[in-house]
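Across the two complexes that follow, chain A remains constant while its partner is chain B and subsequently chain C.
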Partner chain A sequence: MRNISLSKNRRRARRTGLLLGTVGTLAFGSALAAQETLVVGRSMDVNSLDPSRAFCDTCQVYLTAVYEPLLTLGEDNKTLVPKLATTWENNDTFTEFTFNLNPDAVFSDGSPVEASDVVWTFERLRNLKGSPSFLMDGTQSIEAVDTHTVKIIVEAPNSEFLNKVSAPYTGIMNAEAAMAGGALADESAATADGAEGWFLENSVGSGPFVLTNYAPEDELRLTANSAYYGTAPGFGEVVITQIQDSVSQAQALETGSIDIAMQIDADTAKNMNNPDVVTEIVPSFNFVYFAFMPGSEAMKGKLTPPVREALTYAVDYDGMIEFTVGGNGNKIAAPIPNGFPGTANLMPRSQDVEKAKSMLADAGLGDGFTMEAVYPNDNVYGVDLNIMMQKLQQDFAQVGVDVTLKPVTYPVWREDMANGRADLTAVYYAPDYYGSGQYAAYFGMTEGSTWVSRAGYKSPETVVNAKEGEIYAAALAASGDAADAKYEELAKELMADNVIIPLVSPNLVLAHRSDIQGVRYSACCNLPLAEISRK
Partner chain B sequence: MASTSPRARMRALSSGRALFGRLPLTGKIGVLILLFWAITVVSVQFWPLVDPLMMAGRRLQPPSGAHWLGTDALGRDVFSRTLHGAAYTIPVAVMVVVFAVVIGSALGAIAGYFGGWFDAVIMRTADVTLSFPPILLAMTVAAALGPGLPNAGLAMIIVWWPIYARLMRAQVLEVRTREHVEAAIAGGAGRGRVLVVHILPLCWTPTLINATMDFGQVALLAASLSFIGLGAVPPSPEWGSMISEGASKFYSWWIAFGPGMAILSVVLATSFLGDGLRDIFDRRGPQ
Partner chain C sequence: MLRYIIRRILGVPFLLFGVASVAFLLSQSTKGDPLSALVPERMMNNPEIVSAVKAQWGLDQPLPVRYVIYMKNLVQGDMGTSFNTRRPVARDIADRLPATLELVTAAMIIGTTFGMGIGLLSARFRYSLFDNAARGFALLGSSLPIFWSGLIMLYIFSVQLKWTPGTGRLDARSTPPEHITGFYSIDSLLAGDWALLGQTLSHLALPAFVLGWSVVGIVARLVRSSLLEALSQDYVRTARAKGAPERVVLINHALRNALIPVLTVLGFTFAYLITGAVLTEAIFSWPGIGSYAVAAARSLDYPAIGGVTIVGATAFLLANLATDIAYAWANPRIKVSG
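Now for the complex of A and B:
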């Protein structure tokens, strides 16, 4: 009996050994494969993979990996450095820009990157009238001087134009290949271009990666571009896999099923103590804000400038950072991210409940009033807008203002914004490139701007500030310190409008496995995948 | 049980204590839990609890002597919020079940008794409604009406009435062929009188059992709608929205624990009670 069982055990042991050997070989094989593949966990917000239509955080990551703009932003998140253009120059009035292309640059099909591709790409971006088309606003002419030289003339001085052509949405496409896929660049593009679907399966850039597969809400798979003319990326393959929320991303990272996560909130990061995971908390250029809508039907004659100012004193700005991101964020004065031109000397707002009360009493609203807040029911950059608005509700209650909260889905929110159906709202903003001009254009209370039509609705006069348009134009005609001074002046006007009130600039948790290096957060490009490698 | 005649069963129900005594142990536990929540709903505002809407301590604190179920992301007391949450979820569930029973049973009785195109229109509408998964239909209706508990309640009534219409129709179809009904008709009783006096009193048992069991499911659906942001709006301490807040703060497990346990207790209690009632009233089912 004993012998039998021994021999059985031996047989079992031999089988186990064989099995372990096989598993070991497989594991070794898959480890080799794993070295080649980088897996990034993200809640993907992809609206399109067409560079002239895409407009989202994941789009920035994708476009940076697959396409190359003329210039890009250096690691200091301020300086422009060469990409497809090796040198560039502009005239003194910032109306003419000349770019000299790298003669070695080739697209993923091996064909050279030429000036005609740049012209075609920029014309398509302008004519398609998609979300990122504003980057080409004001271009008068885009022409190829010779095979490797492009000259662009803009209608009015624009010292930020160089920053705009560093945005990932301006990545240069292989015109011939894109046209074969049905893309159009002429003036009929807005209605006749039918290439959006084609771009979900094909990429035509000169970047270090090419698109191999995109399955919406599932994965975005990239392979190293074998024709790449620059330094080869650290990974042969990159998979961006859909992981919806912060906690799931943290768990996937701790178990090793992903290598990088960028959407883990600070509260969750605090509870991660796996030695194989590195977390770095860095300030971001994103911010979350609330906005008054003085043009709404219910707020007519109520949300006057002094009342808006009074209410800004009711807000507990320090508490807001504590409650929304557990202290892992920064106060932000004007709706321009800290560190962008013109923000260095701004003083953030602070709470003064007594002042708020007395100003409301002076305005005849000492007994308070009721407002309805409509906002997207989202958790963005680690901030749960529901929590943020409940805090704001408590703060406003202290001065007798009763806020009713109405969280809605994002599409419903956009609809409500377009129809003046809110007295108060809250939402977020992330930069499209390094430069303060985009904030002037979006948040400025100049006739026709996005926020004048939202906040002012049918009574734009309640919010319009004519000075801002002039200051913005002056800022675009200046450069360096002079431009910074103008942007500072503009930021102060934006603060004095008391329409857009930024509450918190949440820090970003960059979390990755400890054997990964080269992970950084970029103001233009989010996560430059080509710089990442395994130790 | 000396008699199983319908009248005897009705008498049994009229005596609450006798009925309680005949419930199995699980049924009794169910009654006690529901009683606790009912008392909570009507009296919670008089209890010595901290304000469920105001900050009571530091945020995200684990359970302690001061905060039995910890604090949430805004520093509010989760224990107090859980108890106050009953006043949102339970009345909504009661209203939904009552309206669904009244509307569904009335339509089902009309369909079953009068037949013809009444039956066709009512029952086909019910079939169409039932062909949608309840949560999906409720979500669609609630999304169309906008967030808020009253709208969520309305959405749930729309989802729930057909169940009672079917139940009642089946009962009426069975009872209307009985001899005492035929005798009443032969005796010259009007159709309305026959339905109300001679048929309906014999049809309510399955409805009662179903309604009891559904109560927990409705509470769960109400919480689900709030969880996805279509039910109660912040800062209401509604159970579903509290769990939703807790879901994004996964490591602070206590935020979702209180409301989660509360929902569990209501669903379990109604299942226990429903099973107990079925044991007593429905002799046909498995014993």
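Now for the complex of A and C:
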């Protein structure tokens, strides 16, 4: 761990920055007062406001507004564009990455953004062992070459590293201010860091907004950062207000109580005929899937690869989309979202009941069998998991497989998953950044992965696919079309595992008042608030 | 009477001790992974992290040790830190309870006023058109599910007619009054901010009516039946025979006696709604204790579950006490031993 010590010059610069920041705040304050407030309605799922611990959809929106990563994702949802780093380069083997910081960038207290802040932020992210810590997995060294240059070396080729540092969770923090709030970045951070509560009331980023108030499950209030060095955001204040369900959000939007509703489902959107409201339905990168658990006690020797394959033919994939989201969704072949690297040529699965029956008969299960499905009793991204599993129950019944449904709360589901207490489950996934590697790491049947532990439980050999680790490593060592080809190969292996079966990628409704512009869905950042303005 | 009240109040901490103990033991023995809100999925395979988090939150200690620590902290007013919000539970409750109390108080005022009025007039004009219509109105209030009536009311009065504002305690664009009591109506009044007071009341009106409507049904039916029973009593006949005006007979003689069962119901309804107004809070985005309780239960947030249970138990104990005192007021023949 590199010790953070601030040079005299830097302290002077910080003091000057603070002074300028204060003067700027006073001067800017009156201007902001005249500006408007943007109100966004959503069901908040905040688990933390600490960038190194936060991991949720609302967190992505918040972190994007308040902190800035080195890079970000362009409007095409594919291309990386500069943020704090104006230029960057990597070696041919994708093991060394150098970032050159924008010398004009300053934190909200006016102090300059320096390479030491990047080093501190990334080391904290890695050492804290929080939800997004995996983004720093494999980093060998993170060093400040000079005040505005950072060099990162990773242990193995990682062509996706640049995508990872575009994730909002990698937003750069003002190290000095965060340390004053009790944050630690060294190896003791996982157990000794005491700043989580402090981050609920303070923000230390260089983004266009700063945190002014957070009341759990009530509101998240941001104010424009008066020291912001980039283009000023379109609103002086943004309030994300808690509105639980789709219908209530639609009503709030129609009355003008809110300007943007983030979780209106497509059915509700269809029934809105208000000229003051604009709705646009766009494909999302989220998906809902079911998973076989061949390692469960009841399924040992039963959920073999041919049986799993047979059951995938029993599913009515088109009907599932109709049944769960009224047709407002897309089929998805592998557990990698459509539009991500390696998915362009994949063929989605389709139903073939006769083939399923024949394969089950060949496996000696022509008379069917029973399974217990345990899943979270939740409605996510407009998909009610109960309804989805009822449809799956009907589909499996056609081939003689009797599924007992057991919806449970999330903590119970997690305990059951950890103890091999389900034969079948269902859950959801949203991208943490733009890149297919995260799916390989999470869904890949490589030893020690989350889903090998769950699906294989005490018999991991029933699901492990050694080829996937090799293909993933090859994909990380390649770039461009070569990497895409490797991810496609990986996606086909994930499909052939027949463990994780994606069912629906629900569409997203962008709903806002007609005088609001700049609302878009971002694969990395969800809703970039700074781009929104009033016409 | 005073000695009785003091004795009852002195008993409250002991009852709360019992309730807190039961809540602690029940929640700790519930099935589920309490680490789900604390340890990310990807880190569950890392024993170092799991044990560090367990140690940090005291989950590595045996149950009896956890119980002693919890009760010791509780006595000092420390309910622990919420797994969900990462803030002290006492602070979460202090932030959210005034919102619920404000809503429930308003709902009870509406429910009691309309319920008693309807019940009284229904009894007075038994089987009349008014009686039938009022009973229908009351029946609707207690039988319509709140998630439905709330959404419909919002649609009619807020979206279509625009008579009431949208959801929340205030317009999200407004700044809440300075925190004095946590009741926005009182705090804006104390601040002399009439515009904010108006906004607070307009935001409160619809959720309070929706919640109060369910109380109207209960109170109106109870007042009507109790009054009808009282009106058939000898003392009422005697009062009428002595030439007392009907209004005096109805209010001074019959209603006062009919109030006793109503007071019981009102006390417990108030206490129930403190943690039971979940649906109203969800539909109207009201940041109260009910939604906090549901979130705590869903995520197995032990400290928050304990905190909310204590709040609920306190509400019931106080409601019980208040009801007993009200009994004595309503009917001086009821004596309390003290």
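Please note the rule applied: the second predicted complex is superposed on the first by the 500 of 535 C-alpha atoms of A that agree within 3 Å, B and C clash if a C-alpha of one lies under 4 Å from a C-alpha of the other, contacts with A are read in each partner's own complex, and residues count from 1 in each chain.
Rule of thumb we're sticking to: contacts are C-beta pairs under 8 Å (C-beta built on N, C-alpha and C of every residue); 3 or more make two chains touch, one makes a residue touch a chain.
Bear in mind that the values here come from a model prediction, so they are computed numbers and not experimental data.
S.K.: Examine A:91 and indicate which partner it touches, taking first as chain B and second as chain C; both and neither are also allowed.
M.R.: A:91 sits against neither chain B nor chain C.
S.K.: Taking the superposition on A as described, I'd like to know which of chain B and chain C A:147 touches: first, second, both or neither.
M.R.: In the superposition, A:147 contacts neither chain B nor chain C.
S.K.: Check whether A:267 is in contact with chain B, with chain C, with both or with neither, and answer first, second, both or neither.
M.R.: After superposition on chain A, A:267 lies in contact with chain B alone.
S.K.: One more residue to check, A:241. First (chain B), second (chain C), both or neither?
M.R.: second
S.K.: Thinking of the overlay built on chain A, is A:409 touched by chain B (first), by chain C (second), by both, or by neither?
M.R.: both
S.K.: Does chain B (first) or chain C (second) touch A:226, or do both, or does neither?
M.R.: Neither partner.
S.K.: Which one hits more chain A residues, chain B or chain C?
M.R.: So, of the two partners, C touches more residues of chain A.
S.K.: So, does A:326 touch the first partner chain B, the second partner chain C, both, or neither?
M.R.: first
S.K.: Where on chain A do chain B and chain C both make contact?
M.R.: 245, 247, 409.
S.K.: Taking the complex as given, what residues does chain A use to touch chain B?
M.R.: Counting only chain A, the residues touching chain B are 245-247, 265, 267-268, 270-271, 322-323, 326, 377, 379, 384, 386-387, 389-391, 393-394, 404-409.
S.K.: Give every residue of chain B touching chain A within the complex, in rising order.
M.R.: So the residues of chain B in touch with chain A come to 53-55, 59-60, 73-75, 143, 146-147, 229, 233-235, 245, 247-252.
S.K.: What part of chain A is in contact with chain C in the complex they form?
M.R.: The touching residues are 37, 39, 47-48, 55, 129-131, 133-134, 190-191, 196-197, 200, 215-219, 239, 241-245, 247-248, 251-252, 254-258, 409-412, 414-415, 418, 442, 448, 450, 453.
S.K.: Along chain C, where are the residues that touch chain A in the complex?
M.R.: Result: residues 31-37, 40-46, 48-49, 52, 55-56, 84-87, 92, 95, 151, 154-155, 158-159, 162, 165-168, 171-173, 282-283, 285, 287, 291-292, 295, 297-300 of chain C touch chain A.
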